[in-house]
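Encoded as structure tokens, the structure appears first; notes follow it.
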Amino acid sequence: MGRSHGIHAEPITFGLKLASFYEEFKRNRLRLVRAIEEVSTCAISGAVGTFANIDPKVEQFVAKKLNLKPEPISTQIIPRDRHAFYFSILGIIAGSIERVATEIRHLQRTEVYELQEYFSKNQKGSSAMPHKKNPILSENLTGLSRMIRSTVAPALENITLWHERDISHSSVERNIGPDANITLDFALVRLSNILDNMIVYPEKMLENLNITKGLIFSQELMLELTKTGISREKAYKIVQAYAKKCFAENLNLFDVVQNDKYIIKNISQQRLKSIFSYSKHFKHINFIFRRVFR
Amino acid sequence: MGRSHGIHAEPITFGLKLASFYEEFKRNRLRLVRAIEEVSTCAISGAVGTFANIDPKVEQFVAKKLNLKPEPISTQIIPRDRHAFYFSILGIIAGSIERVATEIRHLQRTEVYELQEYFSKNQKGSSAMPHKKNPILSENLTGLSRMIRSTVAPALENITLWHERDISHSSVERNIGPDANITLDFALVRLSNILDNMIVYPEKMLENLNITKGLIFSQELMLELTKTGISREKAYKIVQAYAKKCFAENLNLFDVVQNDKYIIKNISQQRLKSIFSYSKHFKHINFIFRRVFR
Amino acid sequence: MGRSHGIHAEPITFGLKLASFYEEFKRNRLRLVRAIEEVSTCAISGAVGTFANIDPKVEQFVAKKLNLKPEPISTQIIPRDRHAFYFSILGIIAGSIERVATEIRHLQRTEVYELQEYFSKNQKGSSAMPHKKNPILSENLTGLSRMIRSTVAPALENITLWHERDISHSSVERNIGPDANITLDFALVRLSNILDNMIVYPEKMLENLNITKGLIFSQELMLELTKTGISREKAYKIVQAYAKKCFAENLNLFDVVQNDKYIIKNISQQRLKSIFSYSKHFKHINFIFRRVFR
Amino acid sequence: MGRSHGIHAEPITFGLKLASFYEEFKRNRLRLVRAIEEVSTCAISGAVGTFANIDPKVEQFVAKKLNLKPEPISTQIIPRDRHAFYFSILGIIAGSIERVATEIRHLQRTEVYELQEYFSKNQKGSSAMPHKKNPILSENLTGLSRMIRSTVAPALENITLWHERDISHSSVERNIGPDANITLDFALVRLSNILDNMIVYPEKMLENLNITKGLIFSQELMLELTKTGISREKAYKIVQAYAKKCFAENLNLFDVVQNDKYIIKNISQQRLKSIFSYSKHFKHINFIFRRVFR
């Protein structure tokens, strides 16, 4: 089921959800490649960047050996806007990780339960509540994402150094350098493992699609009614009234409208069934997949 | 004077400082172009991104008209990692603005006073202290940079939305969208005005170069001594002792070493003068300029 | 139903949830009172805080008139650690608002639907999907919370000013001062309105309690078994096996264990019913309420 | 010299600077005590906080033993607004540390050099530039402050947990708990050592006071002129003109005004000398000290 605001909206496929994540990580991969390029420069230009006591050829020679680009103009150090860019990208990737982790946590809720993080045979759940299977890996990723994102602010502050460098950035980088990179690596591996081993419950997905008993098709019913000659306002009111009734009395919208003479008269039974079917929600899925995976 | 840790290091030219900023803003310009590309996508894909009730051709048509790229896979909205990238770039540019602003503030300090923000004839300084001319524009930019940078964190949090979208990102973007863009635009215009109208005091720059009375050349003197046959350790100790003496008694290093028989005997007067000259610090400036401005 | 990790844990009352929020906002109220005290100081001490041209009695007089405390030692301004404290408290309150807003959003999910933000008669839901009632106010609060929290970082950066003051903090405070206060005020009023007008569905709460068909009582069943003379390990295995069976076959745990001869023989029917009842989960609720509301 | 905007304003004493820091850390100490109180609570209330399987007396007993207060109402855990408060206070203290560190770095600038971080006999400065003595400890504190402040944002995000707890806060706290506390402890010890061993140059302080050659007394001269019967506007113009002349020609204001017949006639030589003296800037210092150290 597709949901906006946490509320059932229109059907979707689970593959589409995953494809959306896939496309986002394609972007992240490209960003990371560029970020690595950004920080892969070499500066051997002396105490304030003037090459006063060293020939620029040394810089060029070393840069080539290390497969780096010479920094066009350095101070005592490589300018820190480059590193700020790098850590910003790590922060964005962390955000994407949290997006996937949050989706998993939502879909594993007891009331939703469309999937479940893998739970090994020997793994104990809660020692007090043995029936529980918690999405602890995804929750962990949510927290780790906060940690990685928190390194962006100090990285941005590091850009402003006094004159040809002060060393305030150093203690920051000694912390966030290893921490953000290692944490992100760990998080990516963990995310990958979660996705590889995730248990998916398609029956429950279908069950959830039917929770609202056809209300999710109200839009198309309304649109169809406007084709029969009545105004959109009137069509809206008719359908809304039936929707309220269904919700209040726990009825199925398809059954309820069977008793409406105007509808029965103006919309064929075949058309009515097609309105209450999933097929149209699937018809462009392959098109989207081709855009993502071509 | 080039400074690291706020302490005089080796000579530099003022043009080199500016060229360093110029190069950084070249990078920022490219980043901004890419960031605009990142968010210039178009999604008209329905309530959950399935094109259930709309043909993908509409999206393609509108995208083309608006000079946007169709979003390969959207939910109810365009994924927010794109916007996080955009605001991260604004944050980095803000950091670069603060770097320049901080340099100006440092160079306008009473004790340094190598330059000054333009001060119009009719402008009053402090009403209480009429002699004061404060770098208030650059200080303002420092604060505005903090504001722009502070929008990165909520933009990163916006990536994680529930399922096919929740609307929590909206109030954030309605704030940071106009605020960060307008503030950055204002800050860039202000920075540009500051640089256009800045008053530079070259005599004071020269004066500051001489504050340490030649101590800044101690390194080259030491290196020269090693060529006369004594060890680096011994050369270091000799020069260090004279440096301390100069600092303590406010003497000129060049004058002081004139009394050292070993030095006088082993280093020609012409060579000694060349050690205490600025020329070698300038010799590669043009090379660097070519790298930046070619 | 009480939930940890998004998974059903043990029963709770809805009042207890609200009381938890109430207690948190009691703390926040006290914090805010202290934060206001912190920034309610008065400094009229001259250009650098020395009272060189003004008598300290003026400061004392004005402070008294304005119901402020004289700042014990000021520079040109009141030290900004006070304001950092103030904005930190706003950030914490924003976090608490988001906590409540997130709870509401969760409980209004289609699959959970234990409550609903008030929806006025004339209010349209989604124009495309008229059956939808989205928790947009709570989602809005989630975003506003991000905004308020984002003011903490620049407020912390404002503490460090150069010497007896630089004016970099000013543009920050002119932004975050009105923005954070007005946004928080708006958010608190909105939250209050949401809670006042919220529609609660107790039947759905009861329904959700039964989703797992008694699995939530497995812990007590296991504990009871240990009293019959078997080890905890054995008791755990017995109950876990039945729990798995119930989950897989969608059975009721109470019914299933009726067929276990050992259980039937060793645990009386009355005791068994009491294990599968909610009463013990309520017995200390009043005690907690007294702690909160006394 | 007292400075605002990095520009000489009015004289101050060095003790007053330190007293300002002292007072700020008095506030920080009190905040920390309260923050520790805030997080010193005890919760043993079961899986969702209902004491369903444990008597509240256990909580009370353990709390008393551990010198903690029972948490009035807990979920599965102690509410995280308490911890957010704690880390916010660490962030504020970090800001104060950076304020002191920045002051030291400014005062050790080559052009200012009113003080210097202790430099042990065996300590090498720059290996390339042996005359350099850099304020590296204070620069380090500047960076560490950034690190500590960066923990506030994730601590604020931790407040919002799902229902009766999700475990996303855990990985955050396992990082920022030790990191922020240990880093702050280290930073406070380092700051204390810097202040204990700092070398102060009072002669240089006096020298810097005289850099502007009496311009810093222009305000009082102007005020005195208004007492002789001319308007403030006229007095301002007269003094401003002399101030400009002094700055442009590097003259001493006291000497220059000796040639103004009106001034000489209307202001006694004794009064003129008192205008150009520091005494009035010191007269309330003891009063301030009593407010801070009583």
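Structure notes:
Letters A, B, C and D mark the chains in the order given here, with residues in each chain numbered from 1 onward.
We adopt the following convention: a residue touches a chain if its C-beta (ideal position, glycine included) is under 8 Å from a C-beta of that chain, and two chains touch if they have at least 3 such contacts.
Keep in mind the model is a prediction, meaning the values are calculated, not measured.
Chains touching both chain B and chain C: A, D.
Interface note: chain A and chain C, two copies of one sequence, contact each other through mostly matching residue numbers (shared numbers exceed half of all numbers used).
The greatest centre-to-centre gap from chain C, using C-alpha centroids, is found for B. Distance between chain centres (mean CA atoms), chain A to chain D: 42 Å.
Here the spacing of chain A and chain C, counted between their Cα centres, is 25 Å. One simple way to say how far apart two chains are is to compare their mean CA positions; for chain A and chain B this gives 34 Å.
Contact with two or more other chains is made by residues 3-6, 9-10, 47, 105-106, 126, 128-129, 134, 136, 139, 149, 153, 157-158, 162, 166-167, 219 of chain B.
Of all residues in chain B, only 1, 3-10, 105-106, 108-112, 126, 128-136, 139, 153, 157, 208, 211-212, 215-216, 218-219, 222, 236, 239-240, 243, 247 touch chain D in the complex they form. Across the complex, chain D is touched by residues 47, 105, 126, 128-129, 134, 136, 139-140, 142-144, 146-147, 149-151, 153-154, 157-158, 162, 166-172, 175-176, 179 of chain A.
Interface residues of chain C facing chain D in the complex, by the touch rule stated above, are 2-6, 9-12, 16, 19-20, 23-24, 27-28, 31, 46-53, 56, 70, 72-76, 79-82, 84-85, 88-89, 91-92, 94-96, 98-99, 102-103, 106, 145, 149, 152-153, 156-167, 219-220, 223, 280-285, 287-288, 291-292.
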